[in-house]
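We just call them A, B, C and D in the order they show up, numbering each chain from 1.
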């Protein structure tokens, strides 16, 4: 029986030239849930998820995934375990078609089987509503569509854990609605870790919320617990939620 | 997709068939030229795999070409090995050298990668001169006609040389065509387009890049060995910077990241020099002007422009 | 020659190499830094400078200093104008695309080289130095009889070689003032940092690029004019300065001007000093490998920022 | 993008492509002599392919090789051509590059249908080209002075009947140096095969004379300044032997002067260093009183032969070895006579073998192999020579000159025998 937590960190710390971006973060991520990571700008959210998926090397501390210590694994090995990651700053293959984009993502797992790769690549485009643009060059898409493609790149990997760094940034209202639907449809099968500034999105999707401030965990809990947490109110949510 | 792969098969086998046909159609001089062009195109294809498909610009490929060349040449002349074994020695040397260079140079990226490969190649060139008592330095040495027999065939005749070059070209050409459509090749393209993204999709980009350097370097070395064997001369000229710049020029002219580009680039450059030198002594001037015009009006190279404007499926 | 004097001599020679290299590489570095393009024809601007220096100097009779000074003004100017025109006619039209710029500048290299061959001929041409006194250098050591000054055999330099070092320092200082203390420098630095923003603030980026390209070529030409009284003008002489400048620019850290100077000194001096310990060709091999390995283990150069 | 917008340019570009292809095919059919069939024998002019260093590092030599060649052919044609046929020169630039050199040989043989190829100077180009000449079975007459033909590294189709090779030249210098200049020698030479030949053959030759090479300093060819290598010259050196090539040689001499100042050893150099360079060039004052090997005295000597006079007049060179039109345009006098003499040997060979066309190429080679000696004459203005048919190499006199008041005055002329060495090869036993 797999444990409740799919991922946890112990004392994860990142120091940039003497400044702590993250300080001894202990964190647990529950299987099958949607967890939102929130906090003010510069709280160290992106650094933290960067250390989880191996993009950024930790100064010290440990990361466990499925009860396995993955702290010394390079990024691509962690991804191969089933962690998908979408960038905060859109990073798609701008010179290739959308279909090639998602096919590259799908091919890592499906390998030589071209038929399966293509089917998967089309399926995820369908799922995010970009199928009719499959043969366009990604760089020609609008910013919002590129964000959506970025998410599709993650989906094409059929991840166990899906880490999204500010996925709704720059999306239009209707696109945000689609995104929320997508996340809600995924939850259950896929564990989702979401960095999000849009509190509306957080409240509509998250089962759990963790608040980071000055590189440290300020609070963790269900949305309502966080909503009622005095410290969080004071430090971050302030009047925004009340208003 | 399947239609495209059919087209691409037609194109590749059609090209080979055309080269066979040209042997019977062209006058002797051009047959000789084409033998040489095909071997140089192998060199360009090796370079293209790294530059055109993986996005790594090496300015030191002459090192690999020369390694293959000297590996074969010295195995035959100094150690008296038969040409078949010597060819293997040449390629193995190229594999070893490209592995070492790959492990070191891939710690850098971008312009630093360019310069590091350039400097290793320069060190290689000077090494050839330094060991002049064995390599005969800049003068180089001749592999005697009598020894240039491969698998029982005297490859110094026009016909056998042409077909030896054609077989070599076809093998590498089809290999590259297969490779760039394989998952491995698609991953190289992904690395070229966006390395960070590719790594974060779970691909081992470091290993892929190293393999690309090794395959590219080995093909270049194979071309060098074949050049020495078919044309009977081994010399330090082939290790100079100029011979690192040539494949870049050929590939850019023909179309980087296309399977046919390297061949087109070599043909174009060869005949540009050859024909303009008949018109004037100042043929380099013409070559220079044509290069400038091409960059202005055919920015993606000849095959690249054809792909952009006519045949989108061109591999 | 004893070890000490030999080392001193090699260092002096290294300093002259470094001085010329610093000027030439600085031209490439500015172009690299501001425009982000690889100018393969940079060495040919060096050659143009040398060739014009010969043409100008040999058209004056009488005191060689007059011809030399005229060359020092005319050669960089012409090289700069040719470069600026090439920028306008070619590079601007390919939008400074990295790959296309490489091919275009290779084309430019052929054009310049062939033109020089046709107009100037294939022979090496010397320029008379404005002054050139051989200076024997003393050496000090503490021997059995105490502190002595000796005049070792062959330990010498020339007044002109010393002048080259001083002149290079002067030009580089002038350049530094230009870049840091003037409006032109400010504009160049702004364009280097972010050409789009600079454009938005009304900087005529295209024109700046033309000037920068011209300035880069002009600096190479200054280096060449200084070097022709020591070496000679020859239509194929652009090759080595190009390679060395490249290496210097990368080792120094892309677009870092102080880094470029430090790298030029490092490479010029190491080239000189390593030759004391090894046979000449072996010294070159070792120097090349050392520099390559520096880059392997410090990929962003000595003073380059991690991008 | 809609389908329609692509279609139109597609057709147009495709047509253009077709048009270009057709144009190319048409153009190639107009290029003369492209046919695979040999032209009718015995008719029309004799075509000699001249492999010229027009560009690249050998360009200074190439220009003068060209002038000498044109003058020699004009003279031959004036005298009635070869076997009654006019001689025409087909020139191709090899860029002083061995790869292009081989391509050019191919072009002479298969496109221009030349009867033979001649004129190469730089050794690496010779090495790169000779195998192709052998395979195409076209005589290849080199004017190079390299020790490649005689070393046996090439093939039966390669010959050097116009100029002595470097091994012989170097060996012939040793007695004079040991007896007149000194016995402790330091050699400075480029780290090229050419330099290594000097090192190996001179070291052996001077030891045979009781001398000794106390240091050999090989300079990397990419070098442009030299002072830092000079401290390696041992203090005990009596003679500095230098042989540098390429445009940096002026720097070399100048820096040598600055290094030694007033206390220099005897200096002996090969004039290869200063071919096409005037001795009055600023910085070369230092060479006053030093010695040079010369292949053919650049400055007309007091006892100048009639043959040298007419040779100079024909090529357009004055008594100072400069162009008649431009006194600053210095010739490559020590080497360029080889083109003249080679062409005259070709003429003799063709006449002796009754050469009619390419099928007589082998008998031409055999005819030259059968030659034994050339007399000092208008055909051989540099001097008398001995031809070794087995090694395909000619041997002649060498000159040692001293720079005296800016003029090179011949101090010693070696005997032809001084340059003899044991045969390394017998090409006549090789099959064609």
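Everything below uses one rule, namely that contacts are C-beta pairs under 8 Å (C-beta built on N, C-alpha and C of every residue); 3 or more make two chains touch, one makes a residue touch a chain.
Being a predicted model, the structure only gives us computed values, none of them experimental.
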Touch-network distance, chain A to chain D, counted in steps: 2
Chain whose mean Cα position lies farthest from chain C: A
A-B against C-D, pair bridged by the larger set of C-beta contacts: C-D
Interchain centroid distance [CA atoms averaged], chain A/chain B, Å: 43
Computed distance of Cα centres, chain D from chain C, in Å: 35
Centre-to-centre distance between chain D and chain B (centres being mean Cα positions), rounded to whole Å: 33
Interface hub residues of chain D, defined as touching at least two other chains: 55, 191, 220, 222
Chain B residues counted as touching two or more neighbouring chains: 126, 129-130, 284
Of all residues in chain A, the ones touching two or more other chains: none
Graph class of chain-chain contacts, one of line, ring, star, complete, other: other
All chain pairs that touch each other: A-B, B-C, B-D, C-D
Touch list for chain C against partner chain D, complex: 1, 5-6, 9-10, 13-14, 16-17, 114, 117, 121-124, 126, 128, 134, 136, 153-154, 156-158, 230-232, 234-237, 240, 272, 275-276, 279-281, 284
Contacting residues of chain B [partner chain C, same complex]: 104-105, 107-109, 111-112, 114-116, 118-120, 122-123, 126-127, 129-130, 241, 245, 248-249, 252-253, 256, 282, 284-285, 287-292, 294-296, 299
Touching residues (chain side chain B, partner chain A) in the complex: 1, 182-183, 186-187, 189-190, 193-194, 196-205
Of chain C, residues touching chain B in the complex: 38, 40, 90, 93-94, 97, 99-104, 106-115, 117-118, 239, 243, 246-247, 250-251, 254, 281-282, 284-285, 288-289, 291-293, 295-297, 299-301
Chain A to chain B touching residues, read off their complex: 53, 55, 74-77, 79-80, 85, 87, 91-96, 100, 103-105, 107-108, 111-112, 114, 118, 153, 157
